[in-house]
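Okay, so chain A shows up in both of these, paired with chain B first and chain C after.
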Partner chain A sequence: MSMSNPTLESLENEISEINFEQIKKKQRLKSFAKGMLFLLPSIVLFGAFLFYPLFKTIYLSFFLTNAQGETTVFVGLQNYIDMFASPVFQQSMKSTFLFVLYTVPTTVVIALFLAVLANEKLKGIGLFRTIFSSTMGISVAAASVFWLYMFHPSIGFLNKMLEIFGIDAIGWLTDPKWALLAVSATTIWMNLGFTFLILLGGLQSIDSYLYESADIDGASYFYKLRRITIPMLSPTLFFVITVTIINAFQTFGQIDILTQGGPQNTTNLIVYSIYREAFANYQFGTASAQSIVLFIIILVMTVLQFKLGERKVHYQ
Partner chain B sequence: MGYIELMDISKSYNKQSNVLNGIDLNIEKGEFFVLVGPSGSGKSTLLRMIAGLEEISGGTLKINEKIVNHLPPKDRNLSMVFQNYALYPHLTVEQNILFGLNARKIDKQVQKKRLEETAKLMGLSDLLKRKPRELSGGQRQRVALARAVVSEAPLCLMDEPLSNLDAKLRANMRIEIRRLQKQLGLTMIYVTHDQVEAMTMGDRIMVLNDGVIQQVGEPITLYNKPSNLFVASFIGSPKMNLGKAVLTDDHLIIEEELKIPINSTQIETNIKNKNLIIGIRAENLPLGSNGEETYEIEVVNVEQLGNETLVSFEVGSELWTAKWLGQWLGKVGDKVPVHISIENIHFFDAHTGNLIQAASNTNKQEVVKI
Partner chain C sequence: MKKQFLLTSLMMLLVVILAACNSNESSSTTETNSSNNSESTGDTESKEKQIVTFWHSMSGAGQETLNAIVEDYNNSQDDIQVNAEFQGTYDESLTKFNAVAGSDSAPTMIQTFEIGTRSMINSGQIVPIQEFVDADGYDMSGLEENITNYYSLDGKFYSMPFNSSTPVMYYNKDAFKEAGLDPEAPPETFEEVEAAGKAIVESNPDMKGFALQAYGWLWEQLLANQGALLLNNDNGRTGTPTEIGWTEEEGKSIFEWVKRMVDAGTFANYGTNSDNMMAGFLAGDVAMFLQSSASSRDVIDNAPFEVGIAFLPHPENKERQGVVIGGASLWMIDGKPEAEQKAAWEFMKYLQTPEVQAKWHIGTGYFAINPAAYDEQIVKDAYAEKPQLQVTVDQLQATKPSYATQGALMDMLPEGRKVMETALEKVYNGGDVDEAYNTAVEQFNAAIEKANAARGE
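Entry: the complex of A and B
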């Protein structure tokens, strides 16, 4: 017998002894367990404060409740049917969509304008950037109170200005024609800081070589804005629009402080309506049903945006 | 008078020390002019000043006999290729190439014609509908070149256009750019930190260091007669071997180790007993043969390149490299004789670094022999 045969045999034996499939399976299991361990904090937090409330809300929306929020009678979809038939809710939906329509495009356009201005390399531009983004640091409550004074019918700054020009005072927050616009203006002002900052960040990440190359090619300022800045900024714009729409649908604080849903329910936006239904009328069932509708609306809007918008967005 | 004239050009940021100093330069029409220097030498800044992307702090810049200091880039009638190509990622190759023509509102028919010509010239005809991210590095480079070509500007500026390519592609593109320039009769100003690119592409080269011109001249002149130690060590690969030396009555003593006999007719007398630095090219250190004056050296490293062999050895504190044609199969630690001839030695002043006497023997004959 030569030496090579036994060694070859033992090698084959060795190979057959190793069960590759089983070892791989073991390794996969191990790495899965490790991954789960890393995810655990998020899963626990999301579970307690997001998933559980979500399912509880869906559950509640099929019931009538008592004042403590305990379920009393199962009514199936009756909550939803009543809700859509209710003129108050219809008004609330209309106001919400109008509010989104007023605030989102205006915020984005103004913020974009300011960001393009603040992106110029000028002396003291840091001061303007700070000013433009400063509303980010102001709480909803503080901003609302500030605007409450601005809108005050007799001592408010706006009506004082109108007085100078000889125009009659406007009941900004009490006139049904003006209330939603007034709240929208407040919201635009409040959201401007955040939107501006994100857009400015987006502008600054655009490679300066592109502009230099365009300068050599003889492109005008607006040509550069149209052909370079806006397309290169599109991912940021997309993000900003999505976030602003979601925020607009969830507006609550300024309504609570400025108008409390009035006058004649014109500013009764959906989140405020949910709040009133649950904590003023103690109708947790209907409140839950409205929450679910809001959830679905935001979900659909976001999905729609991704479907429509993403095609026009240029990621690098 | 040249096509581009730089008169006492300087650049400083925030009125602090100058990054460029007293640049005087004439570039002829149709010339391929290379600016070369290590990073931070100010070569890119100079190019950007010519382009109009940087303010000129001092001096006068003339293009085509007109002062252009105050003109924005678009009015200087030039094109530029950037190091990272500056392609618009959201536009197709076609839109990228036509960007400038569109911006200048040139007639659509003319645009189409020029696009077709350029695409054909650059071999991009099949790629016009693609986005830059779907192109390879070499293809992107070609698009960047096409953008410069399509503008039909007589002056083209290039800022290290090949530094993002791999070595093989770079060698190809060197030839291609050079051919394109000759074919279109462009005046080219080309910035690079790579001395090989400078040597192989330029009609003339300007070596820049710390914002000061070191030498301007044809590649071969720079190689044969480097005006100072910086140019000597910057141009040529492997770099020139340098060593401290003193000249006695009948000997040149290098690094207190090598003693080379001389007769006084070979050397100007006024450099005797001065502190010198001598330089000798790697190819001028041949393996010694019988009947020649040789010096025994100990090999510390051998690099086989196939067609030639690089042999390193120590001379005093300096590491010298000799380049021998063919494959020399020696080993580290071998002691070999090397021939050093006085005609191949450049002499530099140790204090100023300036050239005192260039090697009298150039390499011209060698090429003829082979």
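Entry: the complex of A and C
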């Protein structure tokens, strides 16, 4: 008996341990199922509209397709190899990065300048705020058509102005030296309203006691701007820069209306190039490969920004 | 402060909404109008009437004329109701069609441009029109020979020709007079165009001589006019093309012609934008340009000066061969009930009648598919008033039938056009002819190769 007691005990112990493990497992499963149930709506939506298209795009990028987009021949990485070797794609990448470089800093700096001005407490400032943010209310198509007439080589406003000053007419949208700059100017003008509004919102949410105590200390206007306004605005600035960069990479409407990618492919930005490959050339494989490259570029840019930029951002 | 900001943002929101409404309205009024009409009639009379859905890509004057024709047809009989739906440009319409092909949303018939011919046949979503021609005993030989040449393949019709146009040269007669040129004898060759351009610039430094839109279609036409093929294997009509069909001399002659004019300062560069070119011509900034004859009504009606229309120029050392039919044809879609297809066929036959074609020709500048239309009184009256319209018909009828003027068939043609457009723009902006030409040929061949590979052949 004295021998069997400890074995029984150990047995019981074992049983209770097993039970404990089982119950724990069961509970974990239950809570996992519950969690999944809560997540289900978003998983289904993301799955159907994000993950499925993403994986389908990756799949398509390894094939050649017919005009209906059905896969015909498996080519492996050939689409990617051809793409990087193609001078048209290289030009497209170069133009896209130049476009981002031209538009993003300029938009943010001008919008910040206007927002700081419009943040002053003056009579009738509401009117200026409305004017500064008014471009937000104009659709890409309407704005592009408006600029198309501004840029018109013979009857356009810009060339008429140059004529008055005795300067030769410029082929804004037909000269490869000018076309990308012209499209960039249009884009900056269009994005200004949105960027301005977000930055003004950020400025308005800065607590006034900071300025009051700075006033008591006798700080100058520019000192306050440098030491209070910009640091307190940094989360908004960070958001605006990220969104503007992503938008710049995804520019399509103004290109389609203003230049159709010409002259000499200098404004053939990557999204327009994807569109042409897919819906004019019916090469869905090449188009998918380009989409994947665009996805990776934006992903890397955004990660880099969060890694480098966020350190300098001050959250309240 | 906060309140004021709120007010401003509210105002902004209002502006946004207003702008959005406006832009939507302007773009889709015509579409909703036509679809509203069709819905209301469809509800009440769907039991007796067979509905035919017709996708087309005609905008502007073309859309107005087409809608009038469809309305006439619907009123002329009680069995068939045709609903004409505008689906954007040929490219956009084709993209939409590829998305809905095989489903219930697919139309009964669709209008597609000539270079889409090969990809429509390859798609397997269409019924060759020949089946209806045979079953009905319809005589296609009554139609314009130069037009049926393009759309028949090995003696078989896949689609019904509908709107056809060719490129012509428009010129400013008043400017010709001022420059001491004979407005009734427009230049015929590349060299004469150059000389006329120089004379115009000399008499009026504010006006350029000649404009050529960087448009692949025009380049193909200038090639065909020399008797050159675009693709090998007889422009893809006797076999699948494997490479370009033109010789270096033929292809380069166009680039060199443009280059000489650019260097002489008589060339106006409007890039790929045809609207800008047209506006420039109407504003007196350029004296000659090439464009589809389908624009002739628009140009003649809007110009504040006298407009002349001439044949497409050709190099001096080559004989004029004529032009390739451009424009679009009507396709019957597979998988629709027989009664619906029959109804669509009836409508197609109606469109070919001389009376309808006469209306179509003078309303738009597109050709009459049925030459009998030229004997209609309204056409004669229009010619008496605007004799220029007749030049477009003369040019078509003077065309020598050959593989070159029959036009090319291949599914990569839209891509090929873009390649040539880029090359032309390079030369417009002072680029080197050899470099632009060689790159273009290389890319053109690569596109052919890829299209063949994608078909798994």
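Criterion: the second predicted complex is superposed on the first by the 271 of 316 C-alpha atoms of A that agree within 3 Å, B and C clash if a C-alpha of one lies under 4 Å from a C-alpha of the other, contacts with A are read in each partner's own complex, and residues count from 1 in each chain.
One rule holds in what follows: a residue touches a chain if its C-beta (ideal position, glycine included) is under 8 Å from a C-beta of that chain, and two chains touch if they have at least 3 such contacts.
What you see is a predicted model, and the numbers here were worked out from it, not measured in a lab.
Visitor: On the A-aligned overlay, A:228 touches which partner chain: chain B = first, chain C = second, or both, or neither?
Guide: first
Visitor: Determine, under the contact definition given at the top, whether A:215 touches first (chain B), second (chain C), both, or neither.
Guide: It touches chain B, and chain C stays clear.
Visitor: Just to be sure I read the superposition right, which of the two partners does A:265 touch: chain B = first, chain C = second, or both, or neither?
Guide: second
Visitor: Between chain B (first) and chain C (second), which, if any, makes contact with A:70: first, second, both or neither?
Guide: neither
Visitor: For A:137, select first, second, both or neither according to whether it touches chain B, chain C, the two together, or no partner.
Guide: In the superposition, A:137 touches chain C alone.
Visitor: Mind telling me which of the two, chain B or chain C, contacts the most residues of chain A?
Guide: C
Visitor: For A:163, is the partner it touches chain B (first), chain C (second), both, or none of the two (neither)?
Guide: Neither chain B nor chain C is touched by A:163.
Visitor: Give every residue of chain B touching chain A within the complex, in rising order.
Guide: 51-53, 72-75, 78-80, 82, 84, 86, 88-91, 99-100, 102-104, 133, 147, 151
Visitor: Would you pull the chain C residues touching chain A in the complex into a rising list?
Guide: Residues 1-2, 4-5, 7-9, 11-12, 15-16, 18-20, 22-23, 27, 91, 95, 98, 101, 119, 122-123, 214, 268-273, 276, 279-280, 283, 285, 411-412, 414-415, 418, 421-422, 425-426, 428-429, 431, 439, 443, 447, 450, 453-456.
Visitor: Which chain A residues qualify as touching chain C in the complex?
Guide: 64-69, 72-73, 75, 87-88, 121, 125-126, 129-130, 133-134, 136-139, 141-142, 152-155, 171, 173-176, 197, 200, 204, 259-260, 262-265, 276, 279-283, 285
Visitor: Tell me, which parts of chain A touch chain B in their complex?
Guide: Result: residues 207, 209-210, 212-220, 223, 227-228, 231-232, 234, 314, 316 of chain A touch chain B.
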